[in-house]
Amino acid sequence: MLLLLLLAIAFTVNGALLPTFLDPYNLADGTFNFSEKALIALPMALLIIIREIDISVAGILALASVAMGMAHSAGAPPASLLPIALATGMACGCLNGLLVTRFALPSIVVTIGTVSLFRGLASVVLGDKAYTGYPQIMADWGQGYFFDFIPREFVLLLVLAAGFALVLHATAWGRRIYAIGNNPVAARFSGIPVERYRLALFVLTGLMAGLAAWLLTGRIGSTRPNIAMGWELEVITMVILGGVSIAGGAGTMGGVLLAVLTLGTVTYGLSLANIPGIYMTIVVGVLLLVTIALPRLLRGKKEVAK
Amino acid sequence: MTFLKLREVQLALLTAALILLVGWRAPVFLSGGSLANLLTDSTLLIMMALAQMLVLVTRGVDLSVASTLALSGMLAALLASQHPELPLLLVMLTAAGIGLLLGLVNGYLIGYLQLPPIVVTLGTMSVYRGMVFVLSGGAWVSSHQMPPEFIAFPLSRLFGLTHLVWIAAVAVLAAWYLARHGRFGRDLYAIGNEPASARYVGIPIAQRLLWTYGLSGLMAGLCGYLWVARYAVAYTEIAYGFEFTVIAACVIGGISIAGGSGSVAGAVLGGLFLSVIGNALPVVKVSPFWQGALTGAIILTAVLINSRGGLGKGRQILPLHKIQPQARRSAT
Amino acid sequence: MQMNLMAAPAPVPAPNTPGRAPLDRQAAPVLKLSGISKRFAGIVALNQVSLSVRPGEVMALIGENGAGKSTLVKTLTGIYQPDEGTLELDGKPLRFSSAQDATRAGITAVHQESVMFDELTVAENIYVGRHPRRAAGRIDWRRIEAEAEQLFERLEVALPVRARVKDLSVAQRHFVEIARALSQDARVVILDEPTAALSQREIQELYRIIDQLRAAGTAVIFISHKFDEIYAVADSYTVLRDGQFVAEGALNDISEQELVALMVGRAVHQAYPKADVTPGEVLLAVDGFCHPTEFQDVSFQLRRGEILGFYGLVGAGRSEVMQALFGLSPAARGKVTLDGREINIGCPADAIKHGIAYVPEDRQQQGAHLSLPILHNITLPILNQLGFLLRGRRKQENAVARHFAEQLELKAHNLCQLVSELSGGNQQKVVLGKWLATRPRVIILDEPTKGIDIGAKAAVHRFVAQLVTQGLSVILVSSELPEVLGLADRVVVMHQGHIINEYSRAEATPEIVVAAASGVQLAAGEQQ
Amino acid sequence: GKPPADEKIRIAMVVKNLGNGFFDAAHNGARQAAGELKNVEIIYTGPTTPSAEGQIEIINSLISQKVNAIVISANDPNALVPIAKKAMARGIKVLSFDSGLAPEGRLMQLNPSNAELIGAKQIEMAARAAGGSGEIAILSASAQATNQNIWIGVMKKVLENPEYAGLKLVATTYGDDQSDKSYREAVGLLRSYPHLKVIISPSTVGINAASKAVVDEGLVGKVAVTGLGLPSEMAGHVKSGAVREFAIWNPIDLGYTITYAAYDFVKGDPAAKPGGSVSAGRMGKIALDANGDGAMAPPFVYDKSNVDQFSSIF
């Protein structure tokens, strides 16, 4: 609710102050800046709902991009690069998931370890080189448009977000995901294969990171070890801003998408005003704090003190 | 108790073994100067790990430490460069004070407003880092702008050891005293163990959390000055990503992310272990491209080894509690 | 639905054991509450409650689930601050802003919820939050351990003070909490359902401790849903209903039925309505079930339409057996046959598929999803049957949930209400409904009436009896002897991970069953 | 297209990252040029951390703002090509300076000097510092920094010349533009190679950290640090003796020149094309080769004698 208000405010303020903001072409182009991150935010929201987290997504993305680069330079056909990225992502997610479920390790610890592993492997392969010259099909998806107007990435995001929302809110899977996040013990006692869900969501997150790798690599047309550096925190910020409880069990896909759009609007507005990116981090940080602290403050301190 | 001790002893042995192994590959690593340098180099990480340990013990996490460090360090550098006449102690106190203030903001939000620590510190992490840029205008403060004694302090020697080592030693002792013999520290363990129960026995949770994060900020602030002085340069990006190194050190030291357990020795050893790796990799001439992957693999291995001890707890849904298995067997 | 009501007259134990000093009714109260009210966002938990206790008095605080007993305890111990009303200790008005204030003033409590710190030692658990200190704020560990040892000596309980609490048994943990309450030489000690996790022997220990307190002139407020306990230890009673004071008086002057009527506001027959169903052929057979640490060589059979009781002391391993049977513990080995065919249960989903349901003992942790609506709780295990896409199945889902909610007489505004907003008894009904919705052939009820009040209990008992008339087979795990003896066709007794013996309804007398459960072997021989 | 004469020409300067003294100086140069050219407005921007993704976001918003020209120092020569092409398709003149874009993504590239000169200059300084022979090592920023890698490549080639036969490159390490990591790597070099005579660091963070390491290890006089740095940041280390000389081109002139060049392109100066030339105020004419590459003077060397004079400028 608060978020919807924020989005409206951000939109109006930007529209009023920045003459170029409301240009539909500009708005469409603005979506490039967050589409890939938002794609990762979708499964991340599910992970956080079941009380897990994945810090290694950007590392997975880098490794998946490197895998594509390797395959491409080894002469793999263009059409095979997407499956390669997805498979790499899934393999990485699977490693995370297995470490978490088999060894009963907290996911934050596991993924802090795997993120340097994944990035490290990417840098081992790349050395001081870079992969470039990706096939046209990747550029078409990474930076292309439908009808010369709507970015394909954004369409993909909307479609997948709708898919995720459907799964989370209208299917047995989604119901079980909420049940696990709400009370994992009771979920297991109710016959839900909790560990399998955990593993599956880690794999799904890897998969989506692989997809994001394919799009991002297509968009920028090159692979370097520092690709998508620091994205994990931005992705997690999107999810939390979207009202997904870090304690698990609560949150909606609509909220996440709304947060994505709000962040996108705010940051795009700031960059149109040529305000340096670092102010953006301040704004995003404050936004995060305000959206979680405001409801608390409004509800009054009396109850909090109990 | 003995079991936990054992884990720390294991880690100490592992660290020693690693040092010897590196020494065998590259004997220079074992020279007195090199080991002294290793010790000095590990101090900042150890000090930060100590403060992070206290936070982790309460079931929290402080992701904003690196940003706090950068902000206090930058402000200390700016202060010293603009007012070289100020006594060094005052500059250090200012850095620590700023850190404390930043930490208290976290503490207030987490303790009194009961917001989740990971979210709060994720937010302040961005805000503090941004403020470094805003306050410095994005400019560097370089060595020739800083007063000589400002730069010299961390590495000056007292009885053969650098000030850094002495400060870290004091921090270790203080943390040990706090965690073992202070009511404040014991309360943190109680809070991390069972927050609901802590309220029932009358522990002022909000106040304790406020000061825990305050302390974490204070330590980051002090380290901010030490960092800037030690490397003789301050810029927006200093210690970027350091929070994860600090948390990794704690995790390697056997401090549970789930709260309630962890020892000072663990934090110290975890910090030392990572520093050994950081110092050893360049010396043993591992390809620089392998360093990241190796570090990740080593962290994961350490975590896996640690977890074997804690498997009984954590995820296990059916509690295999220990009602004297012997007694049961005798009943057969 | 016709039921065979066997109204067993409740035994009223002899009031006031001989040798207990008569209470001085004229003495000034040590603690006096007047007009205490406490509201939580909308609901009134306490409404103008007044009561007083005298030194050396053991007062039973009685009321249904949700009557406000625990809330009163928390108000007295400074965990909650009352919205109105005053509190006087020794005639002086007091206000507590934290639990420490109350402790300092001399009011301590063993709370209904476990207040324990797993990683800390026994001694530290007693003094946590108020460690005694020496100079420079240094904690006086030696004193903590010495005093803890003295305390356990006084309580005549053998506990290693340096052990970590996580390594203790449930009962041992409870004694640590009791020791904490007593460590202060308090003027008022409150025990909120202290016997829930204790065995018969340990309950006797507790009675002895309460007698010690009485002798020392300490006022004790004792909360329990079990009337035999209340009559065994308490001098006087105070009844709360819906957060309001209802009555008080001496226990000598009132019968159990009258107390129940005061509590519930109507008469309740505490009866065990055994349905008239003759068990058929063997449905489920468990053979040589073993677990590396929890139980060994467990074998039993369950017939169609039978209620099989499982009795034992807490920690006997009954829950573990049932959880293993339900596929929750992969380490367990053994043969399970259903309808003569051997089945393999690797996970709860398998068990559900074979028509086995398990209603766990810990409602809040294992049973219910507290922040989900009733509807989602009930249909959770049968989502597969409803189909993958749930949107279109709204009606069907609602119908299933409504059916079971009505069958169980669930009290709720609507099916979208969160389970956390329900009272304990109704939460239990939701969990029951969830498992009945799977249409099981065998239902395992693990402590189905733990911590629920007499009214709700009677409803559950009626319901269990009714289940077998519908052709279900029931395994009833309970630590309440009357419940097991009253409902079960056969009683299996476990002790330390082993089945000691099995008794038919006719053989099972309280003496024999309790003796077997305590590991006394002669009981079986005597039967021959 | 050509803007009306009275409208301000907006030239966006996209740098690798903000808070970098080198680019701040370049910005100063751009402002000087804008002042001379009258109706030019400079938009100075860049990401916080040196990343290609960050620069893409910024260029995206610059396209939306319909600036007239973008001059960029690229974090990745290829990753920025697609977006740069898009900008050019929308009529924006894209030029690169310092760290270049791949040719298809820009109209011209202004090299501060050229890679050959920069690499050769660093080896020349190292040879002087080593006294003609001995072990040398390189401490670079990160493995993916384009220009660093090109320079290192040149350095390796130059070392094959017979005149440098006495110099032996023993290691190349990366400090990731972090002072602590660079410091640790420098110390590692000093330890592993006891006969090391020179550390070359073509990175501002690296040269600082290496100098501090040499001072802390008490090796001033034994090991010399050289490379690329800014006078304002290096003055202290020149005084301490860890650095005898270091080099840098003049970022002010660089910013000044690229602004003039962008102006020429926007105005549609017929000479402004590959193989032609651009005129750059006080810097005179800069010739462009067939690839559109132009180069300025060889890097300037700073030492004790002149560092103070420049440290207050950039």
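First chain written, first letter: the chains are A, B, C and D, and each begins at residue 1.
The working rule: a contact is a pair of C-beta atoms (placed from the backbone, for glycine too) under 8 Å apart; a residue touches a chain by one contact, two chains touch by 3 or more.
Keep in mind that this is a model prediction, so the values were computed, not measured.
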Report which interface contains more C-beta contacts, comparing A-B against A-C.
A-B
Computed distance of Cα centres, chain B from chain A, in Å:
29
Chain centre separation (chain C, chain D; CA means) in Å
74
Starting from the mean Cα coordinates of chain B and chain C, work out the distance between those two points in Å.
44
Listed in rising order, chain C residues that touch 2 or more other chains are 328
Residues of chain B that touch two or more other chains: which are they?
133, 138, 236, 289, 317
Taking each residue of chain D in turn, which ones touch at least two of the other chains?
18-19, 48-49, 143
For each chain, which other chains does it touch, given as pairs?
A-B, A-C, A-D, B-C, B-D
Touching residues of chain A toward chain C in the complex: what are they?
170-176, 178-179, 182-183, 185-193, 249-250, 303, 306
Listed in rising order, the residues of chain C that touch chain A in the complex are 41, 80, 326, 328, 347-349, 351-352, 358, 360, 365-372, 376, 379-381, 383-384, 386-391, 434
So, in the complex, the side of chain B touching chain A is made of residues 61, 109, 112-116, 118-120, 122-127, 129-131, 133-134, 138, 206, 236, 244, 247-248, 251, 257-258, 287, 289-297, 299-300, 303-304, 307, 310-311, 314-317
The chain D residues in contact with chain A across the complex are 12, 18-19, 43, 45-49, 51-54, 56-58, 60-61, 63-66, 76, 78-83, 86, 142-144, 149, 152
List the residues on chain A that touch chain B in their complex, please.
55, 99, 103-106, 108-110, 112-121, 123-124, 126-128, 184-185, 188-189, 233, 236-237, 240, 246-247, 276, 278-279, 281-282, 284-286, 288-289, 292-293, 296-297, 301, 304-305
